[in-house]
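Have a look at this one before I ask anything.
Chain IDs A, B, C, D, E and F follow the sequence of writing; residue 1 opens each chain.
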Amino acid sequence: MTTVQIPAEPESIPRVKAVFDDIRATRKTDYVNNFWRALAFDAALLESTWAEVKSLMAAPSQLDPLTKELIYIAVSVANGCSYCVHSHSAAARAKGMTEAQHAELLAIISLAAKTNHLVTALQVVVDPAFDTSARS
Amino acid sequence: MTTVQIPAEPESIPRVKAVFDDIRATRKTDYVNNFWRALAFDAALLESTWAEVKSLMAAPSQLDPLTKELIYIAVSVANGCSYCVHSHSAAARAKGMTEAQHAELLAIISLAAKTNHLVTALQVVVDPAFDTSARS
Amino acid sequence: MTTVQIPAEPESIPRVKAVFDDIRATRKTDYVNNFWRALAFDAALLESTWAEVKSLMAAPSQLDPLTKELIYIAVSVANGCSYCVHSHSAAARAKGMTEAQHAELLAIISLAAKTNHLVTALQVVVDPAFDTSARS
Amino acid sequence: MTTVQIPAEPESIPRVKAVFDDIRATRKTDYVNNFWRALAFDAALLESTWAEVKSLMAAPSQLDPLTKELIYIAVSVANGCSYCVHSHSAAARAKGMTEAQHAELLAIISLAAKTNHLVTALQVVVDPAFDTSARS
Amino acid sequence: MTTVQIPAEPESIPRVKAVFDDIRATRKTDYVNNFWRALAFDAALLESTWAEVKSLMAAPSQLDPLTKELIYIAVSVANGCSYCVHSHSAAARAKGMTEAQHAELLAIISLAAKTNHLVTALQVVVDPAFDTSARS
Amino acid sequence: MTTVQIPAEPESIPRVKAVFDDIRATRKTDYVNNFWRALAFDAALLESTWAEVKSLMAAPSQLDPLTKELIYIAVSVANGCSYCVHSHSAAARAKGMTEAQHAELLAIISLAAKTNHLVTALQVVVDPAFDTSARS
């Protein structure tokens, strides 16, 4: 039950089929998950969103693939996005996250949330020592 | 201008001094940042908070020290904690984060926020394929 | 499964019935959605909430009815309120939101979330040029 | 530096003066804090906001005045509103909050944030036992 | 459908059984709710989380047990944690929260959210009068 | 005091100068605000972010320019981004937002926040009537 009308046969739309084919080829799987199926209601939004996700998450870069998923999970938890927590936890496992790493990720996310709220409740003043512009 | 009365001479309080000394020894620096100085208004809260941060962030574990800071930054940004973003960005740099890694971290955090909001606006239904309990 | 006991026959309570009747008359529909049914557990809270919603969202004002729903959806997405996203997306469609406008709304909401997180991660300093008090 | 033009002499506007006078009389103080001064840019918004705050926070009710302030602080911290954290922490102290209570409040808020994030990261399923409708 | 593999027979793990037994003894109930069952995937995380919750929420302290639950609900609502809202609303009822107190809690939480957003939209400047350090 | 090292002479970097020139041309102003100056620490991130903002916010589209800014402000307030609230409130004024429209925007944002929190506290179940897929 999404808020948009999802096309019943999305792959009959050429632009949608092209994106779905690229998702399958990039991820080496036949499965296209519901996020992309929902985005298929608007081909342009589907294309631009996939292009950005592919470019950042599927290409070799400064950070390794698993670290990128851990960061993605952390943001998704803090933003309260259930679907995103599910999909990126699954992606992290697919990229090798062990159960022990998962437990540690949860411990760090929840500790960060704890100190975030403590700092906000205390209204701690930023230390001049953190000033990056003074560092170079 | 915090919301609590910060002790003028925190290290005259033995329990506070013990924590500050441990912070300095653990981090190999003379500097104790404002978060700990503000928490010094309540020695028990200072002790338990430092114990938890030290145990998770300063001890060898499943994830490497820099990855842990990147996760911490991600949560702090999503929770809108300015002080925490400053302090953990400084910590990540101290642990070796390059400028290129910083730029990629920002790109991932902001992309995650973008798709978090897209998913929430679409109210995407969770794929049964993400079910962990069905996996073993 | 709400957190309060919803009255089985809410319209047997005169104050509740009066609000439900006004909702039906104002919206020109027989349907009273679950939010109001849940609020019926406390007649005073139901009355004050409906009075405020009616006054702002159902009366002619500075902004047109569809724009007001788009703003409401935007806040509801950012606050992660699933029910609110569903109900106000339905309301926006009822007030004429086209599929293309819906797609653009989603693009703007998710871009705003992206730059919100970028700005917070960068801790950008507010430009003096944005000072309203200097403008008049 | 607010986003609206604050009237230089707000009390020259009769509707604004009436609200400010009522704030002073209700709170038994000469001081009108910046929130109300900023809201003075729109007399109707000032009037309706003050009426709601006065009715809930300043009148005798089910919960005692200090408990109400603690709840207000908790929401304000979780929503990341710096000004609100400052103003309601000051209000709580004025209503008798001790330093030890303040420390405990911070401990509870930050623990709640921690378990909120843990639950979201785990995507815990709601227990049927929590169903209120099954209770009566 | 959680994101971790929940042990089918958690109490066959001695460390998990010890925590579950303590939960039952502390709360004087046979029921162990899903949060603790999900956390059982990692005994250390289960132990440390329960120790913290027990210490703050189940032991006599500065604030009475019901007030502590009301604060917990407030944070959980603002953080958008559905499960937590359910579990702590049930806990508050078990600790004596009346329907009228529940209604008032909801009114205060939602009013705080309203003024939090107003203040953020206005970008109100913090009053020097709120400075705690100037108070002693 | 941002978390990255802002180039002292950003326009000596050709890719940065090209973006700044396009910002000036698109917005018909000499002023380049701090967000873009901070992003200049990474030319690729600056380019992709500006391209997306320009495409959505500066080009003719389904929604009029002022409505787009109002939506942007709404998300920025709910996400607690002070800088974004300042910059987009200034942009909305530049695009014709009157003081009365600003007041109404604030009233709607804060009402939405209020009902978002009410709905989350009540855990209202989504009405089947909101199902879009059943509508066509």
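Throughout what follows, a residue touches a chain if its C-beta (ideal position, glycine included) is under 8 Å from a C-beta of that chain, and two chains touch if they have at least 3 such contacts.
A quick note: this is a predicted structure, and the numbers were derived from the prediction, not measured.
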>> Half is the threshold here, strictly exceeded: which of D-E, B-F or A-D has more than half of its contact pairs identical to B-C by residue number?
In response: A-D
> Is the C-beta contact count larger for C-D or for C-F?
Replying inline: C-F
> Distance-wise, how many Å sit between the C-alpha centres of subunit A and subunit C, to the nearest whole number?
Replying inline: 27
> Cα centroid separation between subunit A and subunit B, in whole Å?
Replying inline: 19
>> Where in subunit E do residues touch two or more of the other chains?
In response: 1-5, 75, 77-82, 85-86, 89-90, 100, 103, 105-107, 109, 111-118, 120-123, 126, 130, 132
> What part of subunit A is in contact with subunit C in the complex they form?
Replying inline: 1, 3-5, 41-42, 44-45, 75, 79-81
> In the complex formed with subunit F, which residues of subunit B make contact?
Replying inline: 80, 85-86, 89-90, 99-100, 102-103, 106-107, 117
> For subunit C, which residues count as touching subunit F in their complex?
Replying inline: 1-4, 31, 33-35, 38-39, 49, 52-53, 56-57, 61-63, 67-68, 70-72, 74-79, 81-84, 86-87, 89-90, 93, 98, 100-101, 103-105, 107-109, 111-127, 129-130, 132
> In their shared complex, at which residues does subunit E touch subunit F?
Replying inline: 73, 77-78, 80, 82, 85-86, 89, 105-106, 109-118, 120-123
>> List the residues on subunit A that touch subunit F in their complex, please.
In response: 1-6, 126, 130-133, 135-136
